[in-house]
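Data first, discussion second: the structure below is written as structure tokens.
We just call them A, B and C in the order they show up, numbering each chain from 1.
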Amino acid sequence: MQNLGSYLEQVHKQSPLVHNITNYVTVHDVANAIIASGASPVMTDGAIEDVKAMAAIASGLNVNIGTPTNDYEEVCLKAVEAQAQGSNIIVLDPVGAGATEYRTNLCKSILDTHKVSLIKGNLSEIKALFTDEAQTKGVDADIADKATEDNLDSLIEQMQMWAAQYELIIVATGEIDIVLDPFRAFAVYNGSPMMSEITGSGCMLSGVLTAYVAANPKDQLSAALAALCAFGIAGERAEQLTLERGHGNATFSNYLIDELYLMDAERLDENADYEQR
Amino acid sequence: MQNLGSYLEQVHKQSPLVHNITNYVTVHDVANAIIASGASPVMTDGAIEDVKAMAAIASGLNVNIGTPTNDYEEVCLKAVEAQAQGSNIIVLDPVGAGATEYRTNLCKSILDTHKVSLIKGNLSEIKALFTDEAQTKGVDADIADKATEDNLDSLIEQMQMWAAQYELIIVATGEIDIVLDPFRAFAVYNGSPMMSEITGSGCMLSGVLTAYVAANPKDQLSAALAALCAFGIAGERAEQLTLERGHGNATFSNYLIDELYLMDAERLDENADYEQR
Amino acid sequence: MQNLGSYLEQVHKQSPLVHNITNYVTVHDVANAIIASGASPVMTDGAIEDVKAMAAIASGLNVNIGTPTNDYEEVCLKAVEAQAQGSNIIVLDPVGAGATEYRTNLCKSILDTHKVSLIKGNLSEIKALFTDEAQTKGVDADIADKATEDNLDSLIEQMQMWAAQYELIIVATGEIDIVLDPFRAFAVYNGSPMMSEITGSGCMLSGVLTAYVAANPKDQLSAALAALCAFGIAGERAEQLTLERGHGNATFSNYLIDELYLMDAERLDENADYEQR
């Protein structure tokens, strides 16, 4: 693995076009977070012809099911299909899987019919896709679904089986973030508790992950690790500024994007806090 | 009535799940304002199965018709129906009622078929729902529709009749805010003129009202009064910071949410400025 | 031509109602930028009856095709038709024209059937509407499509032919902005490179242009020039504050709106940097 900063530099150098099918709650922040990471976002999900044409020319596709419509299954599947014939970088953010059957089934239908590159969710959402047990509170993880030093290795073992079965990367977010493929696994300790006090941290992260993986298609796991550390470091810095200046969650949300924008390879390498498990 | 701060504390303690059917203009701020108040937002309105499932598990439903679609009547009615079988906390924000017949009729259709807990609008919107006279300028109140010390008591008398007829709470916003049910009425003097120089103050307030009422179902009027004062105090503090630092309306909008996030029971009780009428 | 500040003052004096059919990515900023300019925004595009009724009472219509739906052609055409029977101020922002056929054809269909007052796009988008050659990267201009001092006069000549053919104003944005009708042309040098590092600068500008033109229907070209200078000056000031304070692109985005809000006639006249060509 190269130093993490080199993956960031590839994003800035190539500025990949990231097509986002995403929810209307956090879409603005997703766009600015992708720009802040050095890539170029485009959003389209309403007109099927436009969706297919855009997915075909994009370097990566980020599918986030946060505010689905009746047409979503068709839209998502067609976009995934169009992108698969291109650079074939497909990220799935199963927002609220486990909270409603509709969401769980929509994600399973994508997973069962197409090759996805990476899934990013909280532990409840990840579980909901691969087991029949999970429960999600709206779009937040169930309080029981939490990675700790005690259960980390068994969680990783379990998730690597799923990753092998579906040949993909899994990013499970929480106080400790996990990123793994069937062969390697990392725990990431960067991040801030304020990230769960805004809407959109998870959605922004998925956009940033897509940008990093699209710019580094030959080493996707390392690129995802770099994205996760970059995002966590931005959160730490944003939290510090927010507290120092007496701001609240809305300003934190802006600072988080600001700090992605201000991030460079050196800062990423110096502050990345992860370990291979 | 308990002190207002205790209603805020209930929101933080219970963190109710608030399902929002809301417009795509201000949805991001609504989500962050709900989080800032201590509750947990979820937004979904496009896929009817998902809408029904989410409304059924939510502690409260906030219906804001700001950017309606052709399916909105069905979506809103199904969501209201699903929520009514659960905790039955339903807030209606009739954005732009009076400006177009479509909006007026959509709201009347909800009101006529289901029990709504609380309606929040400017005076033009409120009038449009209960009379055939009102006119609304886009989504802003007509200039003639203004509560003053002179007409306050007669406005309250009129609105209490409507509140009795539909068995609900009415919140009418303006320079003086009014909150009432058929039995009690309060005038709230907290707030800032900058709140009408951003998009979304009204929408955020509806989300915050839903959170407070959902967390305090047994004393909904007092909870609504607490929400209104908390929101107004946040506006006053945000205005002061904005002016001191030479910012404009976009930064004010973020500070408004920040100040909701920073609010606690003590600050709310010390700064609440209202009187029973 | 009057001094540019007088056009700004008309916006504040009349506070025209601007109906926006716009994308869900940047809609919040568009609303706040229109308010910051002194006008009153309303957004609606989903329910056809509501769209027609709102367009009919608005002082201007801003059609931005950034996130189209399958119904968009009908929605846009009906809105344009309704507005044409009123004040007939119609601005078209052909976001991503040239990137997909769907978008190019949608814009051409509006242009071919209705009188549009003003088109605002980057050079790639403008070319895509009037020639069969252009290519757009997602929603960003192709790198080859760039106005410089060397090609400025020939670009103007070409665009004035299109402006004459369709009887409209063209605003082409880039490092140098161009605004012209068949008879007069201006190059605008205000602006900041950070404007291309956020989502929504172009969308906000279209909203602001609509507000200025709607408030100054008898001298639309000068009004558009004033809007373009005001927006560029706001960008310059926002950039300076952002760099001084060590912020990134998200805070810049808010400062840009703040500076529109803080703009007055005097500041606009003192800092406008343009020349007639």
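Note that a residue touches a chain if its C-beta (ideal position, glycine included) is under 8 Å from a C-beta of that chain, and two chains touch if they have at least 3 such contacts.
Not measured: the values here are computed from a predicted model.
Engineer: Given that subunit B and subunit C are copies and touch, would you call their interface same or different according to whether over half of its residue numbers are shared?
Structural biologist: different
Engineer: Using only the C-alpha atoms, find the rotation that maps subunit A onto subunit B and quote its angle between 0 and 180 degrees, to the nearest 5.
Structural biologist: Rotation angle, to the nearest 5: 120 degrees.
Engineer: Using CA atom averages as chain centres, what separation in Å is found between subunit B and subunit C?
Structural biologist: The answer is 33 Å.
Engineer: Identify all positions of subunit C at which a residue touches two or more other chains, and write them in rising order.
Structural biologist: Where subunit C meets two or more other chains at a single residue, that happens at 24, 28-29, 253-254.
Engineer: Okay, in this complex, where on subunit A does subunit C touch?
Structural biologist: Touching subunit C: residues 17, 19, 24, 27-29, 31-32, 35-36, 40-50, 53-54, 57-58, 71, 253-262 of subunit A.
Engineer: Residue numbers of subunit B touching subunit C in their complex, please.
Structural biologist: Answer in residue numbers: 23-26, 28-29, 66-70, 72, 96, 99-103, 137-140, 197-200, 246-251, 253-254.
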